[in-house]
Amino acid sequence: MSRSRISPPLVLVNFKCYLEATGSKAVQLAKYAQQVADKTGVTLAVAPQTADLRLVSQQASVPVFAQHIDPITPGSYTGHVLAESVLEAGASGILVNHSECRLGISVIEDTITRAKDLKLETVVCANTSGIAAAVASLGPDMIAVEPPELIGSGVAVSKAKPEVITDTVSRIRRINSDVLILCGAGITSGEDVREALRLGTQGVLVASGIVKAKNQLAAIEDLAGACRPIGKQTNLT
Amino acid sequence: MSRSRISPPLVLVNFKCYLEATGSKAVQLAKYAQQVADKTGVTLAVAPQTADLRLVSQQASVPVFAQHIDPITPGSYTGHVLAESVLEAGASGILVNHSECRLGISVIEDTITRAKDLKLETVVCANTSGIAAAVASLGPDMIAVEPPELIGSGVAVSKAKPEVITDTVSRIRRINSDVLILCGAGITSGEDVREALRLGTQGVLVASGIVKAKNQLAAIEDLAGACRPIGKQTNLT
Amino acid sequence: MSRSRISPPLVLVNFKCYLEATGSKAVQLAKYAQQVADKTGVTLAVAPQTADLRLVSQQASVPVFAQHIDPITPGSYTGHVLAESVLEAGASGILVNHSECRLGISVIEDTITRAKDLKLETVVCANTSGIAAAVASLGPDMIAVEPPELIGSGVAVSKAKPEVITDTVSRIRRINSDVLILCGAGITSGEDVREALRLGTQGVLVASGIVKAKNQLAAIEDLAGACRPIGKQTNLT
Amino acid sequence: MSRSRISPPLVLVNFKCYLEATGSKAVQLAKYAQQVADKTGVTLAVAPQTADLRLVSQQASVPVFAQHIDPITPGSYTGHVLAESVLEAGASGILVNHSECRLGISVIEDTITRAKDLKLETVVCANTSGIAAAVASLGPDMIAVEPPELIGSGVAVSKAKPEVITDTVSRIRRINSDVLILCGAGITSGEDVREALRLGTQGVLVASGIVKAKNQLAAIEDLAGACRPIGKQTNLT
């Protein structure tokens, strides 16, 4: 099993195809992330659209993840996303199998293989505990779990039954002890982040909670603040 | 029917996912295209990978086409290609339904609609005369025809039976008199370009013939040179 | 252009994956259709699920359409639907590109080609006037138009603006004078059928209006009754 | 974890879309399987095309598997395969994720769930040891492993390195002790079956080795003969 080069806890911000995080606004949001990372020491990473990868990588000093690649090698693949192209554009990792971009199980395995070849970190999304356990066998660097009870339901992790997260974490751990586990749903506040970490995850994957926030910077500060080690937090309080 | 803003004849170079046209090499190739366009007055355009759109647009003064977009509006579409993102990255057009990226007929129509909303030019690929005629009803700016007799067969347009092209052109023209028609297969030399134009097309879509050439600049010069009006060509010889 | 062997007007009943039209219930519904066809002389056809094609064909004397085939030739295609298998099971035609089973434009063309080879009638669905015109170039036997204004909106053809249908019919007719045109949305009563025929279509494609009716037989009688020539109808009134 | 109702060892014959196993020929082949099952006591099962499920189920007394279902519930799903329809047609199980019909990981999980609801047995195909281990977490009744070294290479299990099979078996067993494991590639003779069973599998999934055999009955006898307990085999020799 590989070990991620990311130092947890991690807050990974998925820009999706939101206009509030496209082009120059993608750069602005990534700069906010860098600013908070610099101030708090928490690892913050961003996942902008493919067309924005290079611009964001050049203008902000945070790890940049592509939202998707195709498991192809260089060649005749018009319209596809080549791992080498996102790497040269500055990406250090990729999202795989996001619920909005579901992949075949063979495609997931092949994508992880391609990413490893180029030393791109992989975050594979899994929307049930069964799929999370399945994905754990494929050796990704990170798994983002999206319990169905938390997706689109408006239920925050901090309000949900703990088992929603802990069951998935324990199923993954039985198979893979190294993979970082992110909580990929139900995160809207620092309180949610704290609860996610308390339940055994090493970070969060968040999108609208930050991108769609009226004050993006404040939203990042809130989430990142909750990631700091208890000792430091106590000092700050 | 819309009218393309492109002045034909057009040489459109598809970079596919070739390493010889990725990242800094995409920029180099686009600069070659610009150099030849400036010298000859022929319209040259390039279609780099999504991750390279902005870099190429910023560093070379030629029309830039995205290889694919998804017919989505801004929102929760992780891993998709948003029209607004390629537009802000500098693209002025898009390829649609390339043989390596086949789309549903409804997706083609929706993609054309999205592109028109943002004033992106559309080049829809069609691999048979029937599909070319079908696509002509959807109102794209350009159609790139790829006669099966010419794809992957190594047969050049200039060596093929003229009907391979003229039949498709006439089927398109019965339905759509405005659309620009590109020859999208069988182009490896200036002679092929001349023949394609003589048979009723307004340009060519070419990939490996230029990208994989030992001397990319010379290959572009050869193809673009064949696009100049007969008068001018005579003068130059 | 081919000519359909179906005598219009046609009422084609799509069984979808409704339990009310699965297995033995598919047979019952097809027998109702046969009963009404025998009594009225109107052409009635049914499109049951693949697993029910043979049973329905054996037990009811109406034309049977498959809901989908894959454009494959016999061979290693586990899980696909081979044209030969539905033909041997008794199908005389196929639906193509239904809105619940959208296909690539090349797949549509290849499917039509395979169907013609085996003399299976093709009904290609089209959800906009542009797509209907496009599909007309591919030479199917029938086109089922599903104007977006009528799909899922609960608006019946008989209540809609006539242009919703007539515009599509005239776009198709400019390209293809032989193809039968079915109205594929907004049909819930005999009145709708009469209006659809009056506006230039040669029949209807209907699903829930019949399958989900409390009295399936009465629903078929209502729709078929509206298909009889004016003269006969006058006699009956 | 569920327990399969199938008594191993199992020879499961995939009819694919071969003409030699379509319609009346599917029935003939299934009757051969029944004949050998009756004579040898070995469990033989068949996977005909969807359109042939009912005919085969009615005319031959062997377990019948569908080659694919969609994870849908009854409703508006034109062209899809409903679990209820294959069950009513006589199927007692399904193939899932065959290499010719690859599915998303979520689709695999949802398909297994639907199958369990209807008590259909599931055979999930896996083409690498990683995917086999992943699939083991999803709780299918059987996993058919198709080591890439054996697919399409013409290499028989009995000639390959034992680790090709034993590694996959042991990866599956670490996660799931109940699932039946079938060898899904490299089976062309009784010798291959014997080797597959010796290496820890409980049966085989075979297609062309039987369907394309000049003498289908003899081919089934050869494979089934190799499944008999050593004691019995000795007696027979």
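We just call them A, B, C and D in the order they show up, numbering each chain from 1.
Following the convention adopted for this analysis, a contact is a pair of C-beta atoms (placed from the backbone, for glycine too) under 8 Å apart; a residue touches a chain by one contact, two chains touch by 3 or more.
Computed from a predicted structure; not experimentally measured.
S.K.: Please tell me whether B-C or C-D has the greater number of C-beta pairs in contact.
M.R.: Of B-C and C-D, more C-beta pairs in contact link C-D.
S.K.: Please compute the C-alpha centroid of subunit B, do the same for subunit D, then give the distance between them in whole Å.
M.R.: Here the centre of subunit D sits 47 Å away from the centre of subunit B.
S.K.: Could you put a whole-Å number on the gap between the CA centroids of subunit C and subunit D?
M.R.: Chain centroid spacing, subunit C to subunit D, equals 36 Å.
S.K.: Between subunit B and subunit C, what is the separation of their C-alpha centroids in Å?
M.R.: 38
S.K.: Give the residues of subunit A that touch two or more other chains, as numbers and ranges in rising order.
M.R.: Nothing qualifies.
S.K.: If every chain is a node and each touching pair gets an edge, what shape is that graph: line, ring, star, complete or other?
M.R.: Contact map by chain: ring.
S.K.: In the complex formed with subunit B, which residues of subunit A make contact?
M.R.: Of all residues in subunit A, those touching subunit B are 14, 16-19, 22-24, 47, 49-55, 66-68, 72, 74-82, 84-86, 88-89, 95, 98-101, 207-208.
S.K.: Can you list the residues on subunit B that touch subunit C in the complex?
M.R.: Residues in contact with subunit C: 97, 102-109, 127-128, 130-131, 133-139, 171, 175.
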